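Have a look at these structures, which come just after this line.
One chain, subunit A, appears in both complexes that follow, with subunit B as partner in the first and subunit C in the second.
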Partner chain A sequence: MLVLDIVSSILLFAGVFFGLTGAVGLFRFPDFFTRVHAASITDSIAVILIISGLLLQTAFDLNTAKLLFILLFLMITSPTASHALAKSARHGGLLTLGESKQQKQQMQQKEAGQ
Partner chain B sequence: MTAVFSAVCIAILVVMALALARAMKAPTVYDRILGVNMFGTKTVLFIAVIGYLMGRPEFLDIAIVYALINFIGMVAVLRYFEYTAPTE
Partner chain C sequence: MAVLIDLVLLAMLAITALRVIFLKDLFAVVMLFGIYSLLSALIFINLDAVDVAFTEAAVGAGISTVLMLSTLALTGRTEKESRRSSVLPLLVVVATGAALIYGTLDMPPFGAADNPIHQHVAPRYIEESPKEVGMPNMVTSVLASYRGFDTFGETVVVFAAAIGVLSLLGVARRREEDGAPDSGLKESDLKESGFKGHKVLRVVAKLIIPLTILFALYVQFHGDFGPGGGFQAGVIVAAAFILYALVFSLSHALRVVSPKFLQVLASLGVLLYASVGIYSMLKGGNFLDYNKLAADPLAGQHYGIIIIELGVGITVFAVMLNIFYAFASQVERSNIK
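Then we have the complex of A and B:
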C-alpha cells in the first residue's frame, strides 16, 4: 500500500507540474498558435498523470471505471476542442508570428517603394 | 495521502486562477476561449481530486457531467465565433 501511495503521489505531482507549466505558457508564448500548443499538450499530459495517480488509489471497483471514463472522454474532447479553436482562429484571420513579421516587412517595402 | 491531495488541490486552484486571469485579460477573443477551455478541464480534475480528499469518490459523477458540459459549451461558442471574426 505504501509503495502505491508513493507512486500515486509522484504521478499527481508530475501532473500538477505539467499543469503549472501549461498555465505559464499561456501567458509567455509569443503568438496564439503556440499558446494553443502550450495549453493543449500540457493539458492532456496533466490529465493522464493526475487520473493515473487517482486510479492507483482505487480498489478495483466502480470508481476505477468512472476514472477511466473521465480519462477516455478528456482524451477525445481535449484535442478536438484545441483543433476547433485553432481552426476557428485561422478563419478569424489570426496569423502566426512568422506570417505577421512577413506581412510587416512587405508593408515596409511597399512604403519604401513609394 | 491527505497532505498530498491538499497540495494537489491547491496547485490545481492556482492553475485555474491563472487560466481565469488569462480569460479576463487577453489580446484576442480566441485567447479568452483558450483560457476558459483550460479552466474547464482543470475544474474536472479539481472535482475528481477533491472527491478523494474528502473521502467521497461519488464526486466523480459530477466530474463526468462537468466534462460533458464543458465540451458542448466549447463547441457551441466556437461555432458562433468561427465565421463572425471578431477583432478587439
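Then we have the complex of A and C:
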C-alpha cells in the first residue's frame, strides 16, 4: 500500500506541476498559438497524471470506472477544444509569430526595393 | 482546510465579479460569468451540496453561457460607453452593501449545529424521509415530494420563460417567408451555418452527442439515488442538441427536432407534472400527494417522483433548446440580410 501511495503522490505532484506550467505559460507566452499550446498542457498531460494518481487511490471499484470514464472523455474533448480554438483563430486570419515576422520582413524588402 | 478553500474560492469569486464590472468586452464578460458559476459550484461542493453544485455547473456555466453568447451574436460584443456620472448609483450600491453587511452581523455563526435553519424542518427531513419517501437521495425527496408544489412552480416558471422569449423573438421558422416548402430544404440552406471544414469537430461531435444523451438519461433516472434529476438532465440533453446545431448547422438541427415539436414537449412536461397532482386528487388525496398513487405509499412516492422528474426534464430540455433556436435563427436571419 505504501508503494502505491508514494507512486500516486508522485503522479499527483507531477500533474499539479504541469498544471502550474500551463498556467504560467498562458500568461507569459507571446502570442495566441503558443498560449493555446500552454493551456492545452493543463487539460492533457496534467489531467492524465492527476487522474492516474487518483486511480491508484481507489480500491478498484465503481470510483475507478468513473475516473476512467472522466479520463476518456477529457482525452476526447479537451484536445478537440484546443484544436477548434486554434483552427478558428487560423480561419480568422491570425498569423503565428514566425509568419508575422516574415510578413514584416517581406514588406520591408519591398519598401527597400522600391 | 475547508475554511481555507472556501476563503480562496470566495476571493476568486469577488475578483471575477469585480472584473465583470470593469470589462467593456462583453464576450469576455460572458466567459467570466461561466467561471463565476463554476467557482460557485465548487463552493457548493465544499459545502457538500452536490445537487446544487451539479445544477449550477450545468445551468449556470453550461447552458446560460451558450444562451448569452447567442444573444451577443445578435447585439454585438462591446458595451455601450455610458456618459452619465456614476456617483449616485455608486452611493446607492455602497449604502445597500453596507446595510447587507450590517445585516450579516445578526446572523447565527456559520456552520453551528444549533442554528435556526437546522432546527426547523431539516430534522424531520433527515429522520423521517427514509420512512415517508424512501429515497436514498434526500435532496430528491425534499425537492420532488415534500416541496413538490414549489418544484411545480419552478417548472411553470421555466415554461413561462420560453413563452416570453418566443413571443419576443418569434418562433424559429423554416424560412416559410421565402416560400420554400416545409420539408424540402435547399442544399444552400445547409451551408449557412455549421463548420463545414472542421472534420475533427464533426467526428468528435458524432462520438460525444449520443454519449451525452446517455449520460443525461442516467442523471434523469439516477436522481433518486445520487445527485441529479430533471433539471440537470434536461439541460444536458439540450446541450447535446445545441452542440449538434453548432457543428452541423442549425437547419439540420431544426430538421431533427422541430420547434413545433419542442413547443408540444414543453407543455407536455408541465402537463405530466400537473396530471400527477390531479390524479392524486382524484384518488382522494391532496394535490401532488404521491402516497395515493399506489396501494403501498412508498411505491406511490416512487412512481410520483419518477414521473414528475420526467416532466421537469422534458420541459427544461424543450424550453432550453427552443430558446436557443429562437436566438440562433434570429442570428441566421440577420446574417442573410
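Everything below uses one rule, namely that the second predicted complex is superposed on the first by the 106 of 114 C-alpha atoms of A that agree within 3 Å, B and C clash if a C-alpha of one lies under 4 Å from a C-alpha of the other, contacts with A are read in each partner's own complex, and residues count from 1 in each chain.
Everything that follows uses one rule, which is that a contact is a pair of C-beta atoms (placed from the backbone, for glycine too) under 8 Å apart; a residue touches a chain by one contact, two chains touch by 3 or more.
Worth saying up front: this structure is predicted, and the values here are computed from it rather than measured.
Visitor: Determine, under the contact definition given at the top, whether A:V16 touches first (subunit B), second (subunit C), both, or neither.
Guide: A:V16 contacts subunit B only, not subunit C.
Visitor: After the superposition on A, what does A:T77 contact: first (subunit B), second (subunit C), both or neither?
Guide: A:T77 contacts both subunit B and subunit C.
Visitor: Of subunit B and subunit C, which one touches more residues of subunit A?
Guide: B
Visitor: Using the superposition on chain A described above, determine whether A:K87 touches subunit B (first), subunit C (second), both, or neither.
Guide: Both: A:K87 reaches subunit B and subunit C.
Visitor: Using the touch definition from the top, say if A:G113 reaches subunit B (first), subunit C (second), both or neither.
Guide: neither
Visitor: Quick one: classify A:G98 as touching subunit B (first), subunit C (second), both or neither.
Guide: In the superposition, A:G98 contacts neither subunit B nor subunit C.
Visitor: For subunit A, what residues appear in both contact lists, the one with subunit B and the one with subunit C?
Guide: Correct list for subunit A: 73, 77, 80, 84, 87, 91.
Visitor: Going by the contact rule at the top, pick out the subunit A residues touching subunit C in the complex.
Guide: Listed in rising order, the residues of subunit A that touch subunit C are 73, 76-77, 80, 83-84, 87, 91.
Visitor: Could you please specify the touching residues of subunit C with respect to subunit A in the complex?
Guide: Residue positions touching the partner: 197-198, 200-201, 204, 207-208, 211.
Visitor: Okay, in this complex, where on subunit A does subunit B touch?
Guide: Residues of subunit A touching subunit B: 5, 8-9, 12-13, 15-16, 19-20, 22-24, 26-27, 32, 35-36, 39, 43, 46-47, 50-51, 54, 57-58, 63, 66-67, 69-70, 73-74, 77-78, 80-82, 84-85, 87-89, 91-94.
Visitor: In their complex, what parts of subunit B are in touch with subunit A?
Guide: The contact residues of subunit B facing subunit A are 1, 4-5, 7-8, 11-12, 14-15, 18-19, 22, 28-31, 33-35, 37-38, 41-42, 44-45, 48-49, 52, 57, 60-61, 63-64, 67-68, 70-71, 74-75, 78, 81-83, 85-87.
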